[in-house]
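Labels A, B, C and D are assigned to the chains in the order they are written; within every chain, residues are numbered from 1.
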Amino acid sequence: MIPSSLPRPLRGIIPPMVTPLLDRDTLDAQGLERLIEYILAGGVHGLFILGTTGEAPSLSYRLRRELIERTCRHVAGRVPVLVGITDTAFVESVNPPRRTKDAGAQAVVLSSPYYFPAGQPELLEYLQHLAPELPLPVFLYNMPSLTKVVFEPETVRQAADIAGVVGLKDSSANMIYFHQLQTLLRDRADFSLLIGPEELLAETTLLGGHGGICGGANMLPRLYVDLYNAARGRDLDAVAKLHERVMAVRNAIYSVGRHGSSYLKGLKCVLSCLGICSDFMAEPFHRFRQPERDLILRHMRELGIGG
Amino acid sequence: MIPSSLPRPLRGIIPPMVTPLLDRDTLDAQGLERLIEYILAGGVHGLFILGTTGEAPSLSYRLRRELIERTCRHVAGRVPVLVGITDTAFVESVNPPRRTKDAGAQAVVLSSPYYFPAGQPELLEYLQHLAPELPLPVFLYNMPSLTKVVFEPETVRQAADIAGVVGLKDSSANMIYFHQLQTLLRDRADFSLLIGPEELLAETTLLGGHGGICGGANMLPRLYVDLYNAARGRDLDAVAKLHERVMAVRNAIYSVGRHGSSYLKGLKCVLSCLGICSDFMAEPFHRFRQPERDLILRHMRELGIGG
Amino acid sequence: MIPSSLPRPLRGIIPPMVTPLLDRDTLDAQGLERLIEYILAGGVHGLFILGTTGEAPSLSYRLRRELIERTCRHVAGRVPVLVGITDTAFVESVNPPRRTKDAGAQAVVLSSPYYFPAGQPELLEYLQHLAPELPLPVFLYNMPSLTKVVFEPETVRQAADIAGVVGLKDSSANMIYFHQLQTLLRDRADFSLLIGPEELLAETTLLGGHGGICGGANMLPRLYVDLYNAARGRDLDAVAKLHERVMAVRNAIYSVGRHGSSYLKGLKCVLSCLGICSDFMAEPFHRFRQPERDLILRHMRELGIGG
Amino acid sequence: MIPSSLPRPLRGIIPPMVTPLLDRDTLDAQGLERLIEYILAGGVHGLFILGTTGEAPSLSYRLRRELIERTCRHVAGRVPVLVGITDTAFVESVNPPRRTKDAGAQAVVLSSPYYFPAGQPELLEYLQHLAPELPLPVFLYNMPSLTKVVFEPETVRQAADIAGVVGLKDSSANMIYFHQLQTLLRDRADFSLLIGPEELLAETTLLGGHGGICGGANMLPRLYVDLYNAARGRDLDAVAKLHERVMAVRNAIYSVGRHGSSYLKGLKCVLSCLGICSDFMAEPFHRFRQPERDLILRHMRELGIGG
């Protein structure tokens, strides 16, 4: 069931790719190809599309299908492609993976249903029902700030026994939680524990985590690959320096604008300023206007991004 | 744009109908017809399908379409039908309403997009973009415990000026908020302010609210209609007595089971015990098992529900 | 144990008095006397000192003692005086009530300990240990936004059986909760259920609540007494009119300034503008500066307060 | 103003000592001496009394004074003693430090006032007013889960410029926040950044943090000192092993019992089982009963604690 090409555990930097858009239902197809090339040139170990950073829940199902097909075709097996299939409806979570496998993706990524908050036994049962219907390996996606539900450690431990469940991406930013998972899954060397927030990549990798699904790797893929390699190689001086740069980048780029969407808007704005792809955003968000864009440009100059 | 058959403001009891299911993607079509008849026999003033109580986000789009068509056909204009169209994707919120109008519904109901939390200016802009695309009048749906976003009073005041926006259902259970809306919209006699939680129907109606979208009206439609009429008619003795019964019902029926879904499970279980429709629930929930069903049956006997 | 002068249940408007201060550890003694006279002239049914509105946790123990003694002496039995004794330390909650009784107060008011969040069994046990040590009747004070702990309905029901526990003030603004308490305590005609937020005074009184501990009654005591009487007398036209004024006052006066303390600052500012007492506030708050004071003055003119 | 004996920055393991009690207002004076000896024998770099782990807010002021005096006398300058002075009232925060200095303590520790949530400008002003009144260096204490207020990074940066403010203990368990502080204070080599949760000691120390105020160091002081030293010495194999033991200890000892107080109860129970001090707890908590104690004993055997 699991394609031989997906390493177990999956390790390294797997950027959660932004979705280049020309308008709310039109892909920026050329921008997409440039973005894929830009990211792959950074030496990343995989690509994750249709996650939170990819604005998946804001996109039409048609556009999501188009994105899967174009991405898989363009990546052409150079790295594994992971595809977010999170949905509030069980039935709608099952359909896309079939096409996804045919398109050539290697795995799907699944958070808890995010309208109704499931209890933990319900969440486990949900996974037990859903995983057998999926033709690809499954990564769990812990994102409680948006889904309102945590995959509690004991639930993850049991979910890891479901055939096809191969890893977890943790975007909770709760390092005690991450360490609890590591402890509970110590005997599962094949189960991948990946961190979401790039601010935590250094420490998770130093302490045995398998890598990161870090949004910043859209704009600076090499930085995160270097940090991951330094931490794997236990070069603490390099780790300190690269971690400091990660913090400097996020402090500058994600702090423009007011709402919770500063992170996404900053990321797309940088990619637009770099000439890689459009910064159009699907509702309910919209791209930065000129004053915020000017600030981003200033921060990019100060950080030496794109210059 | 607004059909003459939708009263302005819409007043009275508009039950948020549960969705009778045989399995996760099969409507209980006969149960649906029985349920509609049962509810309409209670003298209600409208019917709201595909809301939270209708488990809309857990249903496939295909099943949602089927439910809209069957419901509208069976109601056949006896009361206005309101249809929930909440989605995380703008494009997916626009498509269903077209079919919904053709099916014969009178209005749509829209919460904020519920994956990404929009800022208030973004939320207002979202409504300004979306409403003109909708062929039916729009009720806003304030449900912050599930959407993570409040329609703040000032946002509602501005949204009420958008053509087609005709009312709001408030399920926040925050009466200070409800009174703030009443104050801000005092000059808008045509704008409907409806309450979600049935525990608050008595007081909102006494103090000028237009009625309730109360889940309990699935099982006891007449009770809520009587309470609404008593409050409109300022019969405080009757209000006190009926409100007390509303509290007794909810204390008994919604308190079985542990998780946040007790309300939904209790409601469907009662309808099943009454022989009206199946109590199957879409994932991530499941129906009560026998011990909980026995408790519900005992509560029903004590409350005199169903004979 | 319970002085004959405390009605059971206590009914009516019991303003939570602000504490007039000249600086962080000096009472505005003359302002205090003027404020007491001003409030009593409004026809209120009691006075509650050292609550949240009285900034109790921000005051030194010495100043709290002085306030109790001066207030009781000046009120001189004209209405019952209730005294907040909430503390994080059990021992510090026991000492003040002894002096409080000697000073002539009629009851104490007690929230949950507010640093460590007690579980419900711990909270009940806390009350069971503490109440017997207190020489005065006890009102519970449900204030979860500041204490992080709700007195859950079942806990209140059991606490109501503890000798000396005579009522509850609910500042949760959760009307479903309030109605649950009413249902659970229906057989306890002597147990007083009082509402905190003035926005909810109309409806709670109409539906059987015993009155309100409403901050706005510091500045407009007569308004809240009139609303209470209208609701008790079932004059719904008068209730609607007075409730509307309550909303207009709070919308104007409590909306100046940014932080959560707008309510307290607005209240003290109005009292200062009326020449009744100083608006000095204990840390961590500070009084409004001139621009906010000018706004308050404008709102007062528009509302016809003090002129 | 700052005694020469307090290292700048303060580094290492500074256990937040539990307060041994015989009953709610009686110190276990012999247990206290045994506990101090036990902890100091582990090689710790300081001692922090009257923090959250010390149940400070639940203790009478008299008992707090007694604890300060006995602890300082018994420690007798062997390590710096830090004393929590957090209070809701400014005046009550100022008085204890005077006696504290006389008793021989080296610093005080201060969270935000924890009843009223201050806005950030108010919080900064609070520190600006309070610090000059304190005769000892001040550590800030970020504990938002209990105080409801975060010391936001920019507030810390400005607070670090107040004379006397020498460090911060972060108990938020939010590592992104911790890294933000590190970035903002990179030029302040004398400002101590200490971590609260022991689960995060490994990574913070590896990435430049100055040490930990870790509750587990009450029962296993040497373990945390060893982990700190391994991380300082960049011995990643030793770090991994010791961090794993830290996780095993917390997973076992802090998971007994239901409420939020499991951590505190587990800690005191272990110390009682070790024969060091009483496990009595101040209200609103109470010590474990026999079944929970038996579980703790079993976990201790499995972990090899005390045997």
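FYI, a contact is a pair of C-beta atoms (placed from the backbone, for glycine too) under 8 Å apart; a residue touches a chain by one contact, two chains touch by 3 or more.
Given the structure is predicted, the values throughout are model-derived calculations rather than measurements.
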When each step joins two chains that touch, the fewest steps from chain B to chain D total 2
In terms of CA centroids, furthest away from chain B sits chain D
Chain centres from averaged Cα atoms put chain A and chain B apart, in whole Å, by 36
Here the gap between chain A and chain C, centre to centre from mean Cα coordinates and rounded to Å, is 50
Expected list for chain B, residues touching two or more other chains, is none
Among line, ring, star, complete and other, the chain contact graph is ring
Every chain pair meeting the touch definition is listed as A-B, A-D, B-C, C-D
Within the complex, chain B is touched by chain C residues 173-176, 179-180, 182-183, 186, 197, 199-200, 202-203, 206-208, 234, 236, 239-240, 243-244, 247-248, 251
In the complex, chain B touches chain A at residues 24-25, 52, 55, 57-63, 88-92, 112-119, 122-123, 125-126, 129-130, 146, 148, 258-261, 282-286
